[in-house]
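First chain A sits with chain B, and in the next complex the same chain sits with chain C.
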Partner chain A sequence: MKKIFTAFVLMFFFVPVFAQFGKVLENSRVQGSFEVDGMYYFPDTKMGITDSLINGRNFAMNGFGEIIYTLGDFSAGVRYEAYLPPIAGFDKRLEGQGIPYMWASYNTERFSITVGNFYEQFGNGLVLRTYQEWTLGYDNSLNGAKVQFEPVEGVVLKGVYGVQRFFWNKYTKNSRGIVKGLDGEIDLNDLITSMENSKLRLSIGGSFVSKYQADNDPIFKLPRNVGSGAARFNLGIGKFNFSSEYAHKINDPSAINGYIYKPGDAFIFNASYSTKGLGILGVFKRIDNFSYKSDRAETANALDINFLPPIIEPNTYMLSSMYPYATQPNGEIGFQFQVNYKVPRKSKLGGKYGMDITFNYSQLNDIVRKPAGDTSAINVPGTLGYTSDFFKFSDHIFMRDVRFSVHKKFSRKFKGTFIYLNQLFDIATIQGHAGAPVIHDNIVITDMTYKFTSRSSLRWELQGLFTEQDKGDWAAALVEYTLSPHWFASISDQWNYGNPDDNDKLHYYTVAGGYSIKTTRISLTYGRQREGVVCVGGVCRAVPASSGFYLTISSSF
Partner chain B sequence: MKTFLVVLFGLILSISVYSQTQGSKLPSVNVKTLDGTTFNTQKIDNDGKPIVIAFWALWCKPCKKELDAYNELYEDWQEETGVKIIAVSIDDARSSSKVKPFVNGKGWEFDVLLDPNQEFKRAMSVNMIPHTFVLDGKGNIVYQHTSYYEGVEDELFDVIDKIAKGEKVSEK
Partner chain C sequence: MKNLKLFIFLLSAVFLISACEKIDPPYKETNEGGGGDTTALVRKVLLEDYTGHQCVNCAGAAITSHELKELYKGQLVLMAVHAGPFAEPMPNTLFTADYRTEAGNQWNDYFGVQQYPSGMVNRKEYNGEVVLAKDKWGEAIASLLSESADAKIDIDNSYENGKLTTGIKVKFVHDMSGSYMLQVCITEDSIVSAQKNNDPNAGDVPVIKDFVFMHMLRGAVNGVWGEDIFNGSIEPGKEYSVTYQYNITGVAKNSHVVAFVYKKSDKEIVQVEEAPVIKE
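And then the complex of A and B:
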């Protein structure tokens, strides 16, 4: 180790930098960020949280600190993470602390290389996407090397090689798979000079990804190398835009698909028309047996090599996020249609300030499965599993989400958003509540802001969720006062007044306050958290009911 | 492996010191424009006038409120200071298809970039969104804030105005 260190120091100093040292320092930059989320739990017998459930673990903390150092074309970074213990609802395997993310990279205009941990996405991510999502406790970074090269303007080639992060488990021989990938993208407008100013914009791309995992299975003979490939394009013609990606994967028996040998397919197609003040979008998507993990035995949110983009709109309001959709990697087929329209200013309907209108329809069904052979049933482990017609929708709807929202500014001081949602949600499939009836619900939300002065404002939300199923009707309200630029305070309550069980007609109240200055934000919340599911990009984690204090400190520099 | 890494690290460091010419303040990351064209963030430029870079996403309510507020004032701001606003969407893979109709539907006038795998976000050390940066004419980050609050646009304009007039932006 000493030798290495000496070599390193020598190498650094033998570069004739002395004369330029001042200049070098001038060009170097250190930046970073950190966040600490702390939780203190109380017992709350009404919510079923007892002392024995907490079991002495009243405190929980998730935190990270990240530093990036840049010196011209060179940069390097590390991230420290601690989950001591993880906040309730995060994967328990996160418990621990250390440096899971460390990298160095050299970037020029045409060429870049990164060694260590890195994130990457090919196309839409259908065959490869590594990313981090703090709110989910999700991180599937690759540890290895990544190279990116642009031989000519308009052509980008990428190569990746490595093993994925798996909580705190170090990679040892055969402990999980090894991932390799290649991707190329050609932007024809940049590549071909005559197309530079063309109204038609076209780019095409393709990727190939392979994972290797040893086969130690006592029963099945499993493929050790599973390859997948994808092709994509993006075409813009004036106000129209079309993009699509198709991916195929060879047989990949896994715990998720029940060890069937069927190859997988994934397809997305987007068409949009947009002009100033109007945007129309249509999406078709089909996923068939497309879970792709670097450990075939893993069933939780970990070691995913790919990403299946969702087509249900994300929800940010208290009650609209009651029934969030989780992508069904074994099979789903659906479409989305969305219109965004801005009623112009000074028109009859738009008034002085105009008005934003959004309509969205999303629906996802199961795919149709037929027996693969004459005699075998569907999804028998060790068989091809099933066959499926590409464009057929099954009668089984996973989710339907219809929403209409209006955003209007009434005066310089007063504005509001009104949302109506109608949903169908198959909770039995999506959340695994076997036997639970399909939920039909209507949700109404109003979100109003009144500005007293340029520095102080009041915002309030009133929401209702109406359903005959699950926990019945809910009402919710929130009031938030902001004193710019530093302070905010809010109180909110979600009331499950329609719960069929009188003992469960609970109030989930919170009181929160916060202070922010430049890039630092501190907030403290006291109250009850209802049981639920948090989803980002169709990836979800369950949140158990809890009661207590919640502190967040976040900063970057 | 360790030796290899250290040597590589040293080598890269030496190369970078040699090839050092002029330090740019923005990291070099490939993002996409709404047309689907690859765009390197080091090429962000506004002829010596101030630049605002605002990170946002479709799922982020306060971000959209912040950008709505900027959009309303953008014409005036441009006239007075020549400022350029760049809104960087960190939405995941579906972004390229959904962001464009959304932005057009909203009638936002500023440039929008797509950072679907959040590389630019990470390179700028952005934790939470909204997170907004103001760059002076030379590309130095002179101001940044997170969180949206009513009136943030006035504070931002003060900063932009000072840069345009060549005054120093005071830390507060």
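And then the complex of A and C:
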């Protein structure tokens, strides 16, 4: 009788709890993604990769798993990462495993708060952008709190406060800076009812960010609080669009700028015109002493508070990515001009399917520097450093990239892309190869695809890079067969036939295959990876030469 | 609630606006750093500068270490360790010299130095890192100099016909415990050869053809990791003496003996001493 009574009481209390729990489960949503990149290295004496260089570390692995849980207005997530050891070319300080990223967030229509790790961007990122780029091994997330508030329709205020991720190093007192920031943006079309349907679309915004880092340096007097502010607008008038952002930073002596005390400036201006079949884009950008890190002694790709957007078009083809541009935070001035034109269908040039033509010209120079007055030389540590006229271009060109591309569909089954690039690349400045001559190169690329059936297709690339500098001429070819929706196989080779040293006229061949099902993808590559540099958004990492198997498994749910 | 949120943002704004600090010239500290009087027993600090003649930023780091030496004088001992890819010789160029040493190579691998220039200050962790960027050397040194010395090292050198005889005496002055090692090395000044460089303030760009290398590690007298000297509980006044003989291959009048005592467990250096091979 006692047992029956106990069971009755338990049921009385717990059935509603179970019912409530069931309701919670019903309203919960879990999503996530995983990726594992593994490398098995072989010695390759022709590439200078010996057993002693590998030193027993034949295996390398980068991997992550991310899970996000959502229940109504509440969400939370964690990301596990492992670099055991990191794949060659990734910062060795990544070696380790654990959970570097976890957060919880509460979001309502007008208000949201996040605690833990988070990413955020103010405007173009000139004063604050935290983000993760897996291919670079880059993560400058903030760990702290983020608040977003929309007091009225069309006005968004944001505040952030925290410390940045630095590989696996936990924050301890004075180990790196503390970042705080505030951003506001007003969309006048949303705020003012009479402008709701206006052809003129205008938004304005402003940001302020400050970092605190203790000054324990025995040589320099260092500012503990370094503030930076930015103002921006975005104006759309019919088919025209203009946007701009200007940022200013007070004295921020650091390892990057050589401990000079000059304030920094950054400016970017975009103008575009877009109509059916035609798009025109013009960009002007100027960076002057605008590295902004939460540890002034850091020189590697870590602890950047801000982001300086690139204006050189990114390259994805094997040879066109040979000389990628890395943003020069100490100073650069340049512009980009791009025209996209679609030759109409059924015209003489466009043929049955039309044709896409793109022309792009990008150039970045050094800024002009003059002695600041407190010294006869420029960039002397412990001085103002220099002065600089805002719109003056130095004769020193960092990079010029002129490209012309045509994308043409010849028939229902056959299409192709043809690209010509002419580049000037100052490898001494951009990659630190002191004394190396400026590279002038011409690159031609053809990328053709033939569809056999709706499921199977063959794609092939032929590429050539021609230069008298650096490693000389290259040729490359790729053939890829795809059997949709699951299989692909490819074979490629990059041949440095023009290398001045006969021993280095090497073939960098790869054979790859892969299988996809729904959101899961597995690929295996065998071959040689040439030494080079990988850049995403002007942020770069060096990639050493390697030889072996490369396995990637990724999935999301 | 709405007013509270607005208040929080306004408070933040006021706080942020006050978060700027403009420094007025002179931008350099005017303190003398101390370190002048080393007749009394003081803690001395070893700065190891991991460098290479093909490293374009390393000439600037040598200037930094020199400035720190000027500041802390005898309380700071410098050692430039040529190791890693930028220290490799390159045939048929200005960089044919091989300044690497067995000890330097092994230390470089053990401590995982991967960027050059990098350095270690007493091989002790500072803000979570043992291997430090050059601009952290100064504050790491400053953080150690105020500590009292744990040990005293005396070096007594004699030199004849290329052969050095160095007598090392270590005396602990505090109650201590654990295992301690003694490492004895040779450094050499004023070696002139080419150094790559991208810093106009450090010299010619892209190559300083007649760069003067200072404090260069030339070899380890008693092996790559030295030898055990104490184990277990150590009472104040406990002494260890040893004498080594070593063939000097460089210029003896420019060479120094650097001796340091470190913990076997984490390699942290507790005391260092330096003396010229030929007595002044």
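FYI, the second predicted complex is superposed on the first by the 532 of 557 C-alpha atoms of A that agree within 3 Å, B and C clash if a C-alpha of one lies under 4 Å from a C-alpha of the other, contacts with A are read in each partner's own complex, and residues count from 1 in each chain.
Following the convention adopted for this analysis, a contact is a pair of C-beta atoms (placed from the backbone, for glycine too) under 8 Å apart; a residue touches a chain by one contact, two chains touch by 3 or more.
Values in this document were obtained by computation on a predicted structure and should not be read as measured data.
In this superposed model built on chain A, chain B and chain C occupy separate space and fit side by side.
Residue contacts after overlaying the shared chain place A:P85 against neither chain B nor chain C.
Ranking chain B and chain C by residues of chain A touched puts B first. When the shared chain is aligned, chain B comes close enough to touch A:Q31, but chain C does not. In the superposed model, A:Y341 makes contact with chain B only, not with chain C.
Of the two partner chains, neither chain B nor chain C is touched by A:G351. Smallest inter-chain Cα distance, chain B versus chain C, after superposition on the shared chain: 15 Å. Shared interface residues of chain A, touching chain B in one complex and chain C in the other, do not exist. Within the complex formed with chain A, the chain B residues making contact are 2-3, 5-23, 25, 27-28, 30, 35-38, 40, 42, 58-61, 92-94, 96-98, 100-107, 116-119, 122-128, 131, 144-147, 149-152, 154-155.
Those residues of chain C that touch chain A in the shared complex are 2, 5-6, 8-9, 12-13, 15-17, 19-23, 25-29, 31, 33, 56, 60, 64, 67-68, 71-72, 112, 114-115, 127-129, 132-136, 138-139, 141-143, 196-201, 205-207. Chain A meets chain B in the complex at residues 4-5, 7-8, 11-12, 15, 17, 20, 23-24, 26-29, 31-35, 66, 68, 70-76, 104, 106-109, 112-113, 115, 119-121, 123-125, 129, 131-132, 134, 148, 156, 185, 187, 189-190, 201, 203, 234, 236, 241, 243, 270, 272-281, 283, 307, 309-311, 314-316, 338-342, 354, 356, 358, 449, 451, 454-457, 482, 484-485, 488, 516, 518-521, 536-537, 554-557. The residues of chain A lying in touch with chain C in their complex are 91-93, 111, 147, 149, 151, 157, 159, 169-170, 172, 174-176, 180-182, 208-210, 212, 216-227, 250-251, 253-255, 258-259, 261, 296-300, 374, 377, 379-384, 428, 432, 434-435.
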